[in-house]
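Following are the structures in question.
Below, chain A partners chain B and then partners chain C, in two separate complexes.
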Partner chain A sequence: MASSAHRSGLSLGDRLLRIYAGLVYLFLFAPIIVVVISSFNPSGRWNVPHGFTMRWYADLMKDDEILHALRTSLTIAVLVAIISSLLGLLAAYGLSRTRFPGRGLVQALFYLPMLVPGVVCGIALVIWFNKLGIATGFLTILIAHVLVTLPFTLTLIMTSFYGFDRRLEEAAHDLGANDWNTFWKVTFPLVLPGVIGGALIAFTLSFDEFVLTFFVAGGGVKTLPLVIYSRIRYLLSPVINAIATVVIVFSIALLLLSQVAQVIRARKAEAA
Partner chain B sequence: MATTSLPVERETSRTAKAPRRRLGGGLMLLPPLALLFIFLVLPLILVLVYSFYTLNPITGLMQQDFSLQNYKDIVNSSLYLKIFWRTFQIAIVATAVALLLAYPMGYAIGAVAPPRLHGLLLLLVIIPFWTSYIVRTYAWIGILQSHGFLDSLLGWVPGLPTELLYTRTAVIIGFVHVYLPIMILPIFASARNLDRRLIEAAQDLGASPWRTFWRVTFPLTLPGIVAGIVLFFIPTFGSFVTPQLLGGTGDLMVGNVIADQFGEAFNWPFGAALSIVMTIVVIIGMAIFFKFADVDAIYG
Partner chain C sequence: MSSEIDVSIRDVVKRFGVMTAVDHVSLDIHRGQFVTLLGPSGCGKTTTLRMIGGFEHPDEGEIAIRGEPMGNRPPHHRDTSMVFQNYALFPHMSVADNIAFGLKERKKPKAEIRERVQEMLRLVELPEHGGRRPKQLSGGQQQRVALARSLVVEPTVLLLDEPLGALDLKLRRQMQLELKRIQERVGITFIYVTHDQEEALTMSDRIVVMSAGKIEQEGSAEEIFERPRTRFVADFMGAQNILDADVVDADAQSARLRFGGGTLAVSEAGLLPGETVGVMIRPEKIQLSADGAGVPATVHERVYKGATMSYQLALADGTRLVADSMHGDHAERFAPGDMVSVTMQPRDLVVLRGVPVQGA
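For the complex of A and B:
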């Protein structure tokens, strides 16, 4: 850790660096801020607002296509969060508890969805579902989302598995607990914050997922990002600002929640 | 920040003495592995197989005999080579611009800011990253279009470019914004591990700040820089949403062409061949990543 971080008085260079970093933060947050501001802009256009309105939110409540897509996205995201964190838990347990030849390769395989470009993944799934005769729709979106979220849930849950003292499990064993009891009474409570964090990340990623969904959705099912995409291409309307603001607030809240889960995990690991 | 750390082979020493009977660890790997195998490995193999098929020019049906025609078409057509070259150029420029923003940023957070602020400052980097890609790209449309937000805010400044939307500049801005956080994180990690005493030693020995940077700071943070570049370049190279929404119609990237083969053009074998070429470029990028970047040091 930088020992000189607390030197009294910042050098000119460090001061310039601070200003620069501030500008980069401004750049990172600019689009978010602009969307939120515009969602309350009475003019309904992209300008510095003079006034305040809730009209676009009122319009949003009457926009059946968006509301329906929102419901679809939420349903898919909840299912993906459950399935992905469950599979991530299995994979993390298996990877941290077994040693076999080619284990590195298996671990690398779990990160493959992160490395293959989204477009390639998308068309691969389209070709595959077509070959298998599976109609694209709700199920295929679900599968695609579980696939892309798995590396993230696995990563988070893995860190929980590293975080605690393996001797606790051994102690449980020595005291006569069987594998099943040891897992549910000792291991699971200790990794639970990681699993919850993983589920939240999977939820957020699924809720925002666009590229794969674009390919595997077929005609029938429309998720919220798909609706936003088609609206911004063909039909501009300030309602999009309102729903976008809702999405932004929601995503940030979930991220903060997952951070809280991380802190709890760290505390638990320390205590254990 | 734990959200970004990849698990590395750190547990080996502990697993070595892990005792016998466990809730069949190998067995638990089966469901997730089966999912990956059935819905990723097999589909990717099928893409490879399809890339050797062709479309019958008369019937439009797929001919399932082995042929290198698609690859020949890609290599022999100035159009597709041009698109690959353009994609490469756009990705390189975006990466360079991103590095100019990410390096000072990662360094400022990792080596200048007090460690107790690291969590908060990184969270502020991650928040935009976790906000919907589509929403953020959409916001740039509003900011950059003529009579858009930027015009409304700064339109009175003479000489400021307006109507940036549907230009290459807009595409670059979009890419830099979308993927900047994943470039900052590894640079932050290597800057955090930087031993400040080495810099002070160089300065005490009379090296100029310029020389100190290039001879000490830069080489020590190089693994983070390489990781950041590769992590940024790969998704940029493979993107199709950003050029679709922010770029001009004459400025499409490989991702757009692939998407078109599955939409408008309906030539799956050719789209498959383009995907294979794109994946090869990405794999080369990953190879560079693992060769030059010390993954343990970055995510440790």
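For the complex of A and C:
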């Protein structure tokens, strides 16, 4: 008796907690699951499907506007990832290595774009670009995305620098390495996980950035979120479900890949 | 031993804010010697070492290596190499790559690097560990890799900042002997920083005792241990008996001192009547007898220590003394409560200058 009660193991509180956790997950993922199911629904609507179709995916492959927007979004996201993590690396290096008056303020200012509402930021950028005479388009989207992603990349890269043992750099200097070599052979490899993490978050944030992009895109350049938005406003195309599913699968794959890479790294470090 | 000077420190001062870490230190370190900077934490020993390595720069004074003034030259332009307290091995490189680092910076040919790395791994007795990561090695092994990494660049001077601090006692003892063996084999000048006086005695050709940014005494291990010049050194080297005494009268070679239990004759020059000094005597140099010829004392406690018997004594004024006597068949034995008489030979008494050590 006692042992079986022990085996089933869970008190009422624990059971309720599990059910609660399950409901939270359902709440989070139900809309996404509906989209994925609908992308295979022959009716093209968000109802209970009767049958299975790949038709919307076939349509997607022929939809030049969406494919073009996808390419634009990917290009911007990759460039933003590179620029944002590079700037984040430089800022983190400077902020963690130097002491100067107003350093705290400078660091706080880096985080400001995270707090300013996108609408405010968007209006400010439009006015600013206008004054400077920069035509809205690819370049302005790029600048806006770097602006909003930098606080996140900086935060991630800063954590790598906080735990950094400065004696490793002293040891490199001591063994004859100048500042340049010390940075590339010792500092950079050790903060690289933070830099990669920063680049990944910048990529993700840029890829689905909407509000700022809406303001600064101008007429010519359309990113994927902009195209999806205009489609669901004017015609509720089932192709949207298909492209959404592709993006979801892609995101999950990216996440898994980074996890796998970490596991492999850890194993290598243990086995070598 | 060669008398050429590898490191010359002249009147060096280093301040951190309002704190003076190193206060007018001058020191010559001779080629091929194992020199230990010894002292409690905060005495300036590590700062001195870091200044020799170029990690800190003196506010005043000059450090020269092989006669060449270093000024504010950075570490990578100095012929010194440092073994860090936590080893500071590069975690993202293999053991072999760690050791090869300095040679690669010096743009040595690949074949030579490979050969030298193997040679170093053999020297520190880790010939099979080149492919491992530092984290996969034990503390003692990491310590050896750090040593190999610094030695491979053939520095003029090897600097060691409490490198055995993280090891357990048994491994520490073993590594002390091994460090000494390696130092004798490579013949490089070692400057070693520690707060452990036993470690200093085991390894050093010369010991420099530091306190509050200044050098208290410099000498061979034997000199420092047997003939400390100040109370601080005596206390730090573990002296058990330090008596306060006043100089009653003095001539050129000797003096008569008054202390709690009576008077003592010492063979020490340069004392002035009225001066207060400390007097150190080793427990094994104190003779006890029952006949009343010396200073009277009461046996307080008796501890059997195998080869010796250790007596805790109290003098008439309450001053405590520790005396160790061999307890052969002919030796007298005393029990707690016994009255004994203490005799101390002038040649065994070491006169100490300086103020009494706080809390001692």
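Rule of thumb we're sticking to: the second predicted complex is superposed on the first by the 242 of 272 C-alpha atoms of A that agree within 3 Å, B and C clash if a C-alpha of one lies under 4 Å from a C-alpha of the other, contacts with A are read in each partner's own complex, and residues count from 1 in each chain.
Keep in mind that, in the parts below, a residue touches a chain if its C-beta (ideal position, glycine included) is under 8 Å from a C-beta of that chain, and two chains touch if they have at least 3 such contacts.
Just so it is clear, the model here is predicted, and its values are computed rather than measured.
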Combined model on chain A where chain B meets chain C, clash or fit: fit
Just checking: does A:Leu139 make contact with chain B only, chain C only, both, or neither of them? Give me first, second, both or neither. neither
After superposing on the shared chain, does chain C or chain B touch more chain A residues? B
Which of the two partners, first being chain B and second being chain C, lies in contact with A:Val186: first, second, both, or neither? second
Looking at A:Glu170 after the superposition, I want to know if it touches chain B, chain C, both of them or none. Which is it: first, second, both, neither? both
How many degrees, to the nearest 10, separate the directions from chain A's C-alpha centre towards those of chain B and chain C? 100
Could you look at A:Ile252 and tell me whether it touches chain B, chain C, both or neither (first, second, both, neither)? first
So, A:Met54: does it touch chain B (first), chain C (second), both, or neither? neither
For A:Thr155, select first, second, both or neither according to whether it touches chain B, chain C, the two together, or no partner. first
Does chain B (first) or chain C (second) touch A:Leu26, or do both, or does neither? neither
Across the superposed arrangement, the tightest C-alpha approach of chain B to chain C, in Å, is 6
Would you please give the residues of chain A that touch chain B in one complex and also touch chain C in the other complex? 170, 173
Using the touch definition up top, name the residues of chain A that touch chain C in the complex. 165, 167-168, 170-178, 181, 185-186, 189-190, 269-270, 272
Footprint of chain B on chain A - complex, ascending: 1-6, 13-14, 17-18, 20-21, 24-25, 27-32, 34-35, 38, 45-48, 87-88, 90-91, 93-100, 104, 106-107, 109-113, 115-121, 123-128, 131, 143-144, 146-147, 150, 154-156, 158-159, 161-162, 166, 170, 173, 179-180, 182-183, 197, 201, 204, 207-208, 210-211, 214-215, 225, 228-229, 232-233, 240, 244, 247-248, 251-252, 254-255, 258-259, 262, 265-266
Can you list the residues on chain C that touch chain A in the complex? 53-55, 74-76, 80-82, 84, 86, 88-92, 94, 101-102, 105-106, 131-133, 135-136, 149-150, 153
Across the complex, what residues on chain B touch chain A? 2-3, 5-7, 9-12, 14-16, 18-19, 21-23, 25-29, 31-33, 35-36, 39-44, 46-47, 50, 101, 104-105, 107-115, 123-128, 130-136, 138-143, 145, 147-149, 151-153, 177, 180-181, 192, 194, 196-197, 200, 209, 234-235, 237-241, 245, 255, 258-259, 261-262, 268, 271-272, 275, 278-279, 282, 286
